[in-house]
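The structure that follows is given in the form of structure tokens.
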């Protein structure tokens, strides 16, 4: 209820502050019998890890997850999976200059107003460091999805005004991790990387867009009315730090269209493809009436630029005085590269949750 | 859990099919002591009602709400508020031609796949008629917000490619209901109305965008991490029929910006304005770290064109046969005008829910 | 959250005051495809109905349920089932003498303290009339349980100090409804009926105990730790008006026993009984570690005497003045006969909820 | 949803198996600003700790809690409080003889049936070791209750057939911890201790009853209908390992009474006692209509004897073979002494949850 739990049947609850002892969480409702691949989980964490390349923060964290329960002889037991990730490289001193200063476009002021206090070290609970727990749970969710033949691929499709204009059908999604910005088009990737380097040198930051494609979803996932599949995916994305927008299928472009053009005409399946239908086009983005229709689900997520910049800014402190401040510490000039696995993780949590919820739809 | 309840502390659960006996719901968690203004509630329903103008569906429904509980001597009692809205003008015959046909871009196919059956009459549960219940609950939520000095104003800001480019600061929001398309700029409104008329004559439909501004929100609403205020608003909007996208504050435009430009610098309040801070700019859209900061909250919602068109379309029936169909009945050429009160209602539900949730933040 | 919803996946939300327009509710999460037997549902309501015999309240209510949604062509659709039961025989005048008086051992005082107001007519929301909605939902739950071969039989096993001492194995449970007090032993039933008549003539009321047996439960229902099957059954029972105690299996008697005697030794199944084990004894009451083990589940529920008596009592009014009052209206001298179907209904809700929850236990 | 979370606004989620790496949990929804007294928390853990006296299990566990988040400069921050308790003294070898054997009246069989597997070491998740997390959260809840002037005192009131017959008013509750069995009457305590010693020497175990008194509760806690205060307390108690029954106020004795005797007559407060009423008697047990009325809340909880005995028992293994087994390891002959702090902890969780929930009752 205090907003630290995600999901209904397959749930992730997280805890932890940026510069506290540890972050961690509980994955509850994970069905029994899942083979746990620890290497895969760590590899997902490594995709989010600070210090992984020259265009992300140089903070040093091994981000090693320790599982404390719920797994026995490498399999899930149906009991809650508790885990912790120790904080290793906290430099709380980096934050002493902001003990009573509200950093612009950060959560310092709102947290203090809400709770009457705050942990000023690295943003405390408001830090994106919390997302490390999402990646752990998302990795386990992906292991479940793999068994259902469902794949999730997110990639950086925009950095600032540099846009990857190609449709995902025209991209080789296996190339996403072949460059540090996680854009499957090598040329655009290069330009993005240069852009980020240039921004970083200027002590500035920059926003962007992550696109995501989910393939292999069975028909029927999603609960109509309030818990439509895309509403839950949308909330999942909007809960990620720095996200300002979400669209799926035709999205904001669809608002310009006529129904006669936007409608996805049904076609019968070809022989050998089994029962059901497919769609001639996919403006629906794989979801109709809030329920998956078996086509690819695809969506886009807008990220604002990181608020911490290495330039002087005027702001206000808790005594209502105007003060000047400059960012310290090791920060990302652009969150996109590290946010790709977070987007995938959150999408995976939603899908597994709805796979379980769907089990109650029929007698 | 089956997706028919919205909210955590202030909750709305709805039931009802488009052509069943009645729709209705339960508003639970409404604090005791609220004076209920039935005229206001009905006036909100009238803003959503079919047949209200020539550019919306001509279906006749009085949409009169009957409250069955929870109100005594015109005040809420703290007990659940049950209500029903009888269906009056169902013409189930309009749907006999689609008993076993999957209408393109409708939920016919996905419902049947999910549940093994469906109510083919008017889309059954997947019909936007369900939103009538949201407007009832939203009206009660607005009565609560009024006491907190919070106002919510949504308006049509785009129909097809006709866009209202002015910022909301430059609009007179009191003019929203002065025209049938609910756009506060009279000139743009006229163009939008003409566009909708033209589309309707062609037997087609068209999408658009609704913008919404919330003023007077206190600092502190929103639960960090998963239930960020904008994540809950986003989910609320994405749960409305035909919505394809949501952005708040700088939104997708923010993705193009640098941090040095995007950051909202804090300023001290002037004398007499009380304690706290304000922001020089508002790219944050009134929410920082998922928590309201006291500035205006503003967001945009993209709607796809209505799927039912009065043109021939090919589709598939439940026997996997290709069939030709043409829409029958009385449908909206554009949902935007009637969706404006729905957007406001859903925003109101989120805010009241978070006002109550916020009561637990401090000892 | 305000306490008007029961269950997690198969949920019942209720609304309605004793003397308001109507009571009703929403059954959500009912799987699609269930054949609805309206006669059965009404027959369950008739077992709870006032005026059914000379030993219960003579208030006249037909207690006819109207279903408004969720059922199409006599089958559930997977969408929420909305229903209402109109109040017909409210005599609000019977309550004018207590507008500002706190009836002893009623909820008048606590409701007024909690909400700052109350509906004084017939107890408002605190009236046991609310349980009519539980019986509607319980009847639908029983229809589901029937398909799983699960039966639930409750019966009056104690009225005042008249106890049915026989174990349920020695009773013919098909005889429960053969007398008005719903005790399967004819002789004890007669004594109980006489006791209730005698109490009623004295203007007094009397408590008692209801026993309940559930047969045919599969192994595996119940979620360990907090949502143990018996914990959810216990909460269900304790939520019924006038209930003061709950015990299952060996119950309070078990507290006296040694482990060597209390332990239920496992035996292998005989040939042809399939796989699994059975228990030599059943002190566990069919639940071990919070999970059903396939043996009969049995429990006992203690009811206090009805608070409204036809005798003079001193009490206090809202002005803190001592006043004398005498009960008016038509009340039950003993709730047990009418509570039997309520106990069964609540048990049915818990079981169906856990059948659905169990579907997520394995991959 | 998988049953590992307790509470609605103030919630405890736990994880951990008896012989896994660690147990732990997340306390979410704890309001900001609470001063954390670590010594008090540890002292509560010590009351539950194994090895604390000669009549409990001699297993060695320091049961030291490590807080990982949510507390900053000794105060709660409003963010989730994560904590772990490392397992130190697991002797998994003690359980090798039962790898495929279903111990009588344990959860071995039901877990295996539910999940298709189980952690055989010490009962895994079904072990009462899980309750250590409840005591951590309960201690924090008690710190909140202290600020509201609410005290909770549980004590052993029955061991086998040795009963403490005195009413709690006639006991000195400050003496509860003055003996190892936690019975405030020294004489009865001695007899109980002797009984437990005698049972232990026989390789047997014994059940009992814990009574609990809550003083200082404000009027108004509890949500009517399904979440009645006593229903939530009852569920809390029934969720504790080995509990078979719960009664509050007059309980099962109340079932024998007439209304004229059972009713608690209201009296006006004396001058200087403030506004409100009090009750002449307290058969209601401090709760009317599910809502606290300001009188003492008192209840009784029945515990069955521990299932693990040091005697030979016949049982069945996973191959359906009858086998003979004898308990090994270090077990409690009677759980009552160690269960006293668990009962208090669970009661504290319920009360704090309802204090927060009550904040939404009025406008």
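Order of writing sets the chain letters: A, B, C and D. Residues in each chain are counted from 1.
Here is the rule we go by: a contact is a pair of C-beta atoms (placed from the backbone, for glycine too) under 8 Å apart; a residue touches a chain by one contact, two chains touch by 3 or more.
Note that the structure is a prediction, hence the values are computed from the model and not measured.
Ranking all chains by how far their C-alpha centres lie from the centre of chain A, first place goes to C. When the interfaces A-B and A-C are ranked by how many C-beta pairs touch across them, A-B comes first.
Centres computed as Cα averages put chain B at a distance of 39 Å from chain C. Chain B has its Cα centroid 26 Å from the Cα centroid of chain A.
Work out the mean CA point of chain A and of chain C, and you get 46 Å between them. Shared contact sites, meaning residues of chain C that touch two or more other chains, fall at 1-2, 4-5, 8-9, 14, 29, 32-33, 78-79, 114-116, 125, 224, 360-362. Contact topology of the protein chains: fully connected, every pair of chains touching.
Contact residues of chain A toward chain D in the complex are 1-2, 4-5, 8-9, 11, 13-17, 20-26, 28-29, 32-33, 66-70, 72, 75, 77-82, 84, 114-119, 124-125. Chain C contributes residues 1-6, 8-9, 14, 102, 104-107, 109-111, 113-116, 123, 125-126, 130, 158, 160-161, 199, 204-209, 219-220, 222-228, 230-232, 234-235, 238-239, 244-252, 254-260, 262-269, 275-277, 283-285, 288-293, 302-309, 311, 313-316, 320-322, 357-358, 360-362 to its touches with chain D in the complex. By the touch criterion given at the top, residues 1, 9-10, 29, 31-34, 78-79, 144, 147, 224, 356, 359-363 of chain B touch chain D in their complex.
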